[in-house]
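Here the chain labels run A, B, C and D in written order, and each chain numbers its own residues starting at 1.
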Amino acid sequence: MSKDHLRDIQSEPDYRKIPINKVGVKDITYPVVMLDRNRGKQHTVANVNMYVNLPHHFRGTHMSRFIEILNRHRDGIDTRKVKKILEDMKSELDAETAHFEIEFPFFMTKAAPVSGEEALMDYRCRLAASSDENFYEVEVNVPVLSLCPCSKEISSYGAHNQRSIMKIQVRAGYSRIVWIEDVIRVAESSGSSEIYSLLKREDEKYITEKSYENPVFVEDIVRNATELMMKIDGVLWFSVESENMESIHNHSAYAQICMDLK
Amino acid sequence: MSKDHLRDIQSEPDYRKIPINKVGVKDITYPVVMLDRNRGKQHTVANVNMYVNLPHHFRGTHMSRFIEILNRHRDGIDTRKVKKILEDMKSELDAETAHFEIEFPFFMTKAAPVSGEEALMDYRCRLAASSDENFYEVEVNVPVLSLCPCSKEISSYGAHNQRSIMKIQVRAGYSRIVWIEDVIRVAESSGSSEIYSLLKREDEKYITEKSYENPVFVEDIVRNATELMMKIDGVLWFSVESENMESIHNHSAYAQICMDLK
Amino acid sequence: MSKDHLRDIQSEPDYRKIPINKVGVKDITYPVVMLDRNRGKQHTVANVNMYVNLPHHFRGTHMSRFIEILNRHRDGIDTRKVKKILEDMKSELDAETAHFEIEFPFFMTKAAPVSGEEALMDYRCRLAASSDENFYEVEVNVPVLSLCPCSKEISSYGAHNQRSIMKIQVRAGYSRIVWIEDVIRVAESSGSSEIYSLLKREDEKYITEKSYENPVFVEDIVRNATELMMKIDGVLWFSVESENMESIHNHSAYAQICMDLK
Amino acid sequence: MSKDHLRDIQSEPDYRKIPINKVGVKDITYPVVMLDRNRGKQHTVANVNMYVNLPHHFRGTHMSRFIEILNRHRDGIDTRKVKKILEDMKSELDAETAHFEIEFPFFMTKAAPVSGEEALMDYRCRLAASSDENFYEVEVNVPVLSLCPCSKEISSYGAHNQRSIMKIQVRAGYSRIVWIEDVIRVAESSGSSEIYSLLKREDEKYITEKSYENPVFVEDIVRNATELMMKIDGVLWFSVESENMESIHNHSAYAQICMDLK
């Protein structure tokens, strides 16, 4: 049977007069190549969502075209290329607005602080953009170590500490590149100590002592990061969160600061 | 050692002049009693977040007080009681604004459409409120069956269908109760058929035929729900989403409509 | 249309001569009442799997009967009642063997070590049984605090510590009740300190100092728990695991000991 | 401070006389290159666990060495290379037995059945091996479409269908390579139809009709796969599971067959 004989219901009119904000494909697992500042590019695996708006007079969109567009662009994605992806989505899906969201582990080589031994650290990142906004949004999730100032102060020795997950979201205009690497740096400078994949004993001693000398509440972490974020050029808006997976509790301590710099 | 001798670092001043939007406890698993329209109350297990703001001149908040407040209110939570929880948070944590979020499975007895056999269906729900808003927000997640109109139209027999997860979020003022049960009803009326925990053969026949007679795209589902949501009294804002876990793909089809009725 | 006219395909013969080990329903969310030693009973929400075997000559099983059986027993489940559930499954599904698995958060009131303030702690538990075994299996997941002996030894001050999740699985015969509460106690005695939902400053001081005085590697945790498990009457087999969510790394340290006492 | 002055507590003796089955690192996210039959190699992102045993007289193992070994081998992992990884773990960690587990999305180019349009499908896979076993284990998770024979039989038109996730685990000796691609093929031949990332209307018609002509219960799926698995050379043991995410229910139908061919 030929394709031409198959009725295209999606293109038929709809009579309810209700436009749809977003319609498309969600939760696609796809291998992609992300462009990065240090290594040029890196292979990773992404989870992708792609949506367009749908005017009130159309019944449906054409889902397979999203996958074709992703297929074409998967070998080089960064904040600048996202604009081209949004344009392709608009023109090939006949839409007024397009939305693109991609989540992926981003890897950086990191040297241990004393031994200098290198290994890869993973940071869960997200890049999102809409054709009807003049900014894109970058999100990084960064694990750090936090040591409690109260516990240190009131105890004769020791202090409880734990892994904290910092989430920083940034909006920036397309004329400026906000580097993932710079935002990760902000997060790793805001806790009691940064953390690593590979540590030797001399590194462990260094981190233990550094964090004891530098205790932070969850409130301090987000304030520290806020001070640093305010110095990055081109940031229009940011949100800084920290979730401390408390070692003395079975729940998290949490704080958030949100700032509009426009 | 007495409590009085332990220095209270959290209450000491902070000099960075940065206020914190939200600080508190996150991801607490707690048994709660939710008030419901049909049965008066139901026991369930919740995941709870509680935050307050922190003025720029304080260094930290007092995390244990959140748990004490939750403990006191866990035996009767509904949209009206949430106001009291927010007030307690503000006064006991000396804050200007308080935020309360609770997620929980909500159970309803449901009779199969032909046999009438009864069993419990679970719906994942969420209730969120902030003291600086004059509304609360209710979210329900409802599984329904969706059968593809295109597949039905172009095929000589059969049509692919699948489980879809509808998410409806509603904001309403405190003078109006928007019942979880009513929002679930909207969702269950918007797909090709509603679904059940317990079905006999005669019920399965009924649902299979009903859904074949009533095909819907993901776009139709959110439009159907939008028409119904616009008729519920007291709704200030709503968002309707559907995620169809496509049986012919390894990703989802997705649509969203968002509407401000103020 | 009457039920009698609907052909019962599941009961028809199958010609491939392949028996099926397990067939049934999986991932049911249901409110249940668990019997407990201290409070008599507690309301919680469970995730349930129920399977039977299927001889080679039958084509299918009758899925709705599983839900009917669960419905009948949901108001009082414990290790003894599980035997009756298995018997009902066998007779109502015409099967030779039946399998029942239930996972649920279990709550215990816990007093802080110095202030004595009480709050509920949640422990994720699992109960599993098969009619063809003469034992049942209980699993508890218990968060504890672990403080690193190496970090303490090599550092001039402080020591990194973190939340660890201990998992203990126990098999026991039906003539003996192995109490969830006793297994939780083993886990909470095996780390550097147990942890709590609600702590005042004097409690935080106590826990900080106690854990600094009692450093444990992940290897020590499972050895400590093994020594305690060997003393519990009626245990036929156990496995003890600990996953330390390292505060200096982005991965976990892990250890397991498995012991057959038959 | 020099490394030599830092006491190596892990290497000190332990007096409890309890050997540890497994100790090591868990839940490492790492970019790896997997060798594959069609394309030579593919970049993906893995979740890795690495353990060794610990004799009763040692107190602890050396966690950083696991990461060093992973680092060295990450650019070429397959079933044959795993033997070398296990050997390195044994010798560098001074252990008698070593365990390696790696989970990763595996991508294959797949052409739509009528249009021939190509796109990538993702399959979640796992490779596990222990130095004390003379086999390795491969696991693939494959989504397929299942259409209910009972629903088709009793209904005047239509039939409910859904996405099913098949899990096949295989053990094979090192002298034989069991290809991931072959096991995926078994799964994709066992449901009502295989599924795709990218489909045009003529493909959707084809799949809809094919699945209606080929209805399968969850029991049929695992029996179909069992017949095919028994024909693959070199298989010592396998388990076949299917979890049908029922479109008429909020839970899954499930079946498993396990077979020892030694």
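Keep in mind that, in the parts below, contacts are C-beta pairs under 8 Å (C-beta built on N, C-alpha and C of every residue); 3 or more make two chains touch, one makes a residue touch a chain.
All of these numbers come straight from a predicted model, not from anything done at the bench.
Across the two interfaces under comparison, A-B and B-C, the one joined by more C-beta contacts turns out to be A-B. Ranking all chains by how far their C-alpha centres lie from the centre of subunit A, first place goes to C. Each chain gets one centre point, the mean of its Cα atoms, and the points for subunit B and subunit C are 28 Å apart. Separating the CA-averaged centres of subunit B and subunit D is a span of 35 Å.
Centre-to-centre spacing of subunit A and subunit B amounts to 25 Å, using the average Cα coordinate of each chain.
Counting partners per residue, subunit A has 6, 28-29, 122, 150, 154, 197, 199, 201, 205, 250-251 as the residues that reach two or more other chains. Because contacts link each chain to all the remaining chains, their graph is best described as complete. Note for the complex: subunit A touches subunit C at residues 121-122, 143, 145, 147-148, 150-151, 154-163, 193, 195-197, 199, 201, 204-205, 207-209, 211-212, 245-251.
Within the complex, the subunit B residues that touch subunit C are 1-3, 6, 8, 28-31, 42-45, 64, 67-68, 71, 105, 107, 115, 117, 119-120, 122, 197-202, 205. Those residues of subunit C that touch subunit D in the complex are listed here as 6-7, 9-10, 14, 16, 18-29, 49, 51, 54, 59-61, 63, 149-150, 153-154, 217-220, 222-223, 226-227, 243, 250-258.
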